[in-house]
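So that you can tell them apart, the chains are marked A, B and C in the order they are listed, and the count of residues begins at 1 in each.
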Amino acid sequence: MGIADDGQGQRMYELVRELFPFCRSITGDGVRRTLESVGRHIPLEIKEVASGTPVLDWTVPNEWNIRDAWIKNRAGERVVDFRRSNLHVVSYSIPVHRWVPIDELREHLFSLPDRPELIPYRTSYYKESWGFCIPHSLLESLTDAEYEVCVDSTLETGYLTYGEYVVPGDTELEVLISSHVCHPSLCNDNLSGISAAVFLAQWLQSLPARRYTYRFLFIPVTIGSITWLAMNRDRVGRVRHGLVLTCVGDGAPFTYKKSRRGDVEIDRVVQHVLRHSEAAFRVQEFFPYGYDERQFCSPGFNLAVGCLMRSTHGTFPEYHTSADDLSFVRPEHLFESLARLVDVIEVLEGNRVYVNLKPEGEPQLGRRGLYDAIGGDSHAANRQLAMLWMLNMSDGKHTLLEIAEMAKVPFEEMRAIAELLEQHALIARADSLDEPNARLAMVRS
Amino acid sequence: MGIADDGQGQRMYELVRELFPFCRSITGDGVRRTLESVGRHIPLEIKEVASGTPVLDWTVPNEWNIRDAWIKNRAGERVVDFRRSNLHVVSYSIPVHRWVPIDELREHLFSLPDRPELIPYRTSYYKESWGFCIPHSLLESLTDAEYEVCVDSTLETGYLTYGEYVVPGDTELEVLISSHVCHPSLCNDNLSGISAAVFLAQWLQSLPARRYTYRFLFIPVTIGSITWLAMNRDRVGRVRHGLVLTCVGDGAPFTYKKSRRGDVEIDRVVQHVLRHSEAAFRVQEFFPYGYDERQFCSPGFNLAVGCLMRSTHGTFPEYHTSADDLSFVRPEHLFESLARLVDVIEVLEGNRVYVNLKPEGEPQLGRRGLYDAIGGDSHAANRQLAMLWMLNMSDGKHTLLEIAEMAKVPFEEMRAIAELLEQHALIARADSLDEPNARLAMVRS
Amino acid sequence: MGIADDGQGQRMYELVRELFPFCRSITGDGVRRTLESVGRHIPLEIKEVASGTPVLDWTVPNEWNIRDAWIKNRAGERVVDFRRSNLHVVSYSIPVHRWVPIDELREHLFSLPDRPELIPYRTSYYKESWGFCIPHSLLESLTDAEYEVCVDSTLETGYLTYGEYVVPGDTELEVLISSHVCHPSLCNDNLSGISAAVFLAQWLQSLPARRYTYRFLFIPVTIGSITWLAMNRDRVGRVRHGLVLTCVGDGAPFTYKKSRRGDVEIDRVVQHVLRHSEAAFRVQEFFPYGYDERQFCSPGFNLAVGCLMRSTHGTFPEYHTSADDLSFVRPEHLFESLARLVDVIEVLEGNRVYVNLKPEGEPQLGRRGLYDAIGGDSHAANRQLAMLWMLNMSDGKHTLLEIAEMAKVPFEEMRAIAELLEQHALIARADSLDEPNARLAMVRS
């Protein structure tokens, strides 16, 4: 199983490149253009929620749009120019156009003294103000007495926009895949997650059938997940597993941040997949900071949602700066992330509970042609042992994944064994009745 | 919170000095004089239980008092003199006055060959005999053929005496603080615990209110706790937490010995306090030896009572010798012990369970002025993260202490955050109804 | 307690020597002769189950017997001769007698190229064929164009034979001891387990009484345990503890393989015994491969059966070769294995639950003459502390073994203390009513 790269890494990267120039924020046309692009790859449903709509403890904010912004010196030259980088403007900056004395201007300028050539990324969503983010070297070169400042933006009643795509499955139990669409020209922290989600959705579409229903969300961080949760309270109970995807395009080892519940199936599945991949990886316990897992794992929902990353927010030097650009993410890293996500889904889809139909003693494998470990073939011997594990632990209490972990073999190998034993009527699914009941419960709720 | 030393360490030491000369035993006037002194600091209730009273599996023994004791050589010189150290006489020695041949005398002499200048401490409560404890160097110098021996004691029907002081609280649920008053001139193993208890009680008195009722016991080891337990069977169920205090005046790191139950609130609280103090410390699992925790943690009671010590019984060279004197305990160590006890009580008092009143998603902290982590202020960022922990884990299942431990911050910091969030109506006490019920349960029982 | 070697090690070895020449397989006269020998030591009941009898998922196979087998060269010399070693013939080889070209013959020859002087051990129970096992050096010397091959065997309707011996106890709850009798002239992997079981049974017979009923099985691996389980389904529920014995005659440290349940009493008992013996040992988690524990621990039975070994199957160079001979097992190793088994049984027999009859506070040990730790006698002090552990933990929830483990003393020491405390009416058995109920449950089932 799993997938091989038939050019998908490059196509994932092309989508990142296509989305890079748009000036995204938590609302506005940058989000709309992003979702339009995504919608050319998967049949996305676009939702618009009006400013002022109460959502849980929050209110949907006014919509922000920006056309241009600059700082001109006395000579009329644009020393800072939004057209060169949309990071230059603090997101949600209110309109301004006037001459500003240098001392006052400095209070509106943000830079990184320790990385003087990079532009930082700043927002001011909930406090009305304006500002520019610039390289520290540029800041130090501003010696005129005053500068002409212009932010040609609007902050007005409008909408919060997000995208949603549901790939239906055999049950209404859902797997939630969430990525954020609110950062401007930042590749790893934003676009890599979108791209991974898009191509994962495409792969899911291509399957003949799915056990679970898959829901993909493309939302602004925090207010987006809060809005979705507010508007889907009745659906939240269907979410059985979930992942937030972010920073999956760089070359760092994977980091999996566990769900708040800490030991649910998604936590075990991702760790199993990473353990059986060839690369190093890191696991973090849940903590109530980060991306939208903060909302999905708030105590009132407490969903089984973890977060898959490579580099983690706040810990890599390119984070929230102009260095998180098209050179920081690579096709091969994007593809590897997709491949691991496919592995995760394959485990989720196949992780069933079986019962041994011949539980008293071992069944006679030889007369069924299942006993072929003779002759010192160590692969065959391992396969034989895995088969004995499957038979021994198929007592209706252990999932296929748990048995694979006991036998120390990859899930895929144990799944193949389970299928073989099922064909020989030695085991049967214990959960075959689960899902109709689950569906029924959904209908009732 | 916590306390600073405004001279209390010195006052604690003065109390130790005042109590040092009295010849305490498990009964008798030494105990009475000790409790009189204590009673000048806190309003102690003195209990007298008659000899012969059955208490659990035991019987209150006869009362022992001693006026003088000595060993005179042929020249009539006191070579051993009770007036110089009350350790010289084996506690509960019966009266004797006669010439004793040196060989017979030696069977009544106890010394420490490996520490030849120290006087050991010995008792013989339940086996009638007499004896002297002397430096080994002195023992070796006794060359006369016989010596005149006198123990001017009485062992007669009388009373077992102990002191009790209750500081009332909002509930009848109790915290039990116990220290022993049965050792003669020994400072760390006896007087340090008494002094710490006295000053802890004074501090508790000074509080405007207390959640728990605090019961202080000043009792002889073993027979004292057994007597108290026998006479308070109906009260024992109220004890929710407890500590035995002993050896808290020397300069060794703290040792906390867990309750028999091993993971109850007092166990977690003391470990948290010690972990967040700046000093090294040690934790011991429960074992059925030591001080009165043996009785409180007997299987028929199994109270949540631990034991706080610095040096531990039997492991320091001064233990049960004349070297456990006024130079072995120091004001600063006594005060530090008091300060940690105050920390422990503050956690117990404040360790409540909260529920998040906005559990769905994170509440919008910004509009409440609670989101101030912007600007790279790492203290503010940590505080913000602690606030998110508090909100995320306030699901009615975690105590404040547990949340502080998850967030890896001191309890006090999390308590301050809880108060702030409570003021903003974001969380509320989940246990607000607990205590009336608890009180009711008490009334019924 | 425990046993000392009064010549038993030598007698165990003599039994191994007596059984060594017989050509055992999973059926046939080799098994019968083996059981006859065993029957001269203990009153064995011999069971014969007809070929074709369905047993669980299996069928009792035809009975195999062999009189002679050889390979002769052109000169008529026996170059391979069954009379020299019964390992030479693949077990269950069908009859053959003809001239065989060398190339065809090679397909029927098995050898160990990396250990060219040893004869391997091979079977072909369920696939009809014939074969010879020979030293690789011999294989390389076979240069004739053809050889005369003869296997004078029969594979016909007959019986599967096994032996069973029950030593009755006070209850019908059973301890199952199983060893296999299906390997030809192999000492460690076969005969050592038989010998240990025989002498353990003799020791059990010699006891005045037994708490448990002990059932000894002498069976062919796999088909034997499956047959026994099939024919004793109603008895299986009585098995409370069990051990499979194998490879207990060599000089390697002990290995204990846990039951599938992993933390049941037999698992704890064996580990306690090995921990308190003076030798190194190894513990393995359960895995569904090995000897008859595979069947006893299949999910439909899931018995509390572990496996005691020294060297473990497949990991020692002599395994399943002619080097597993009379020089590989030694009287002293056989005896040591027996001694540990006796230790295990003594713990099982004595591992009861007690309740403290004076649970409130410590009972006054002194007036009962039980308090003798005075005087720095460290052995007495340890014994005193063990006594306090026994009193403190006798709350009806802890077994004697668990308390011994808490107190870090050998079970025997804690049992002696329990008996002493029982004599003084300080503790009483909490499980005194257990066994009649258990018996009743048996009668009902």
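The rule is short, and it goes like this: contacts are C-beta pairs under 8 Å (C-beta built on N, C-alpha and C of every residue); 3 or more make two chains touch, one makes a residue touch a chain.
Predicted, not measured: the structure shown is a model, and the values here were computed from it.
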item: Angle of rotation relating chain A to chain C [CA atoms, steps of 5 degrees]; value: 120
item: Type of chain B:chain C copy interface by residue overlap (half), same or different; value: different
item: Gap in Å, rounded to a whole number, between the CA centres of chain C and chain B; value: 55
item: Two or more partner chains touched - positions in chain B; value: none
item: Residue ranges of chain B in contact with chain C within the complex; value: 56-58, 126-127, 222, 225-226, 229-230, 233, 260, 287-289, 294-295, 297-302
item: Sites on chain B touched by chain A in the complex; value: 356, 358-364, 366-367, 385, 388-389, 391-395
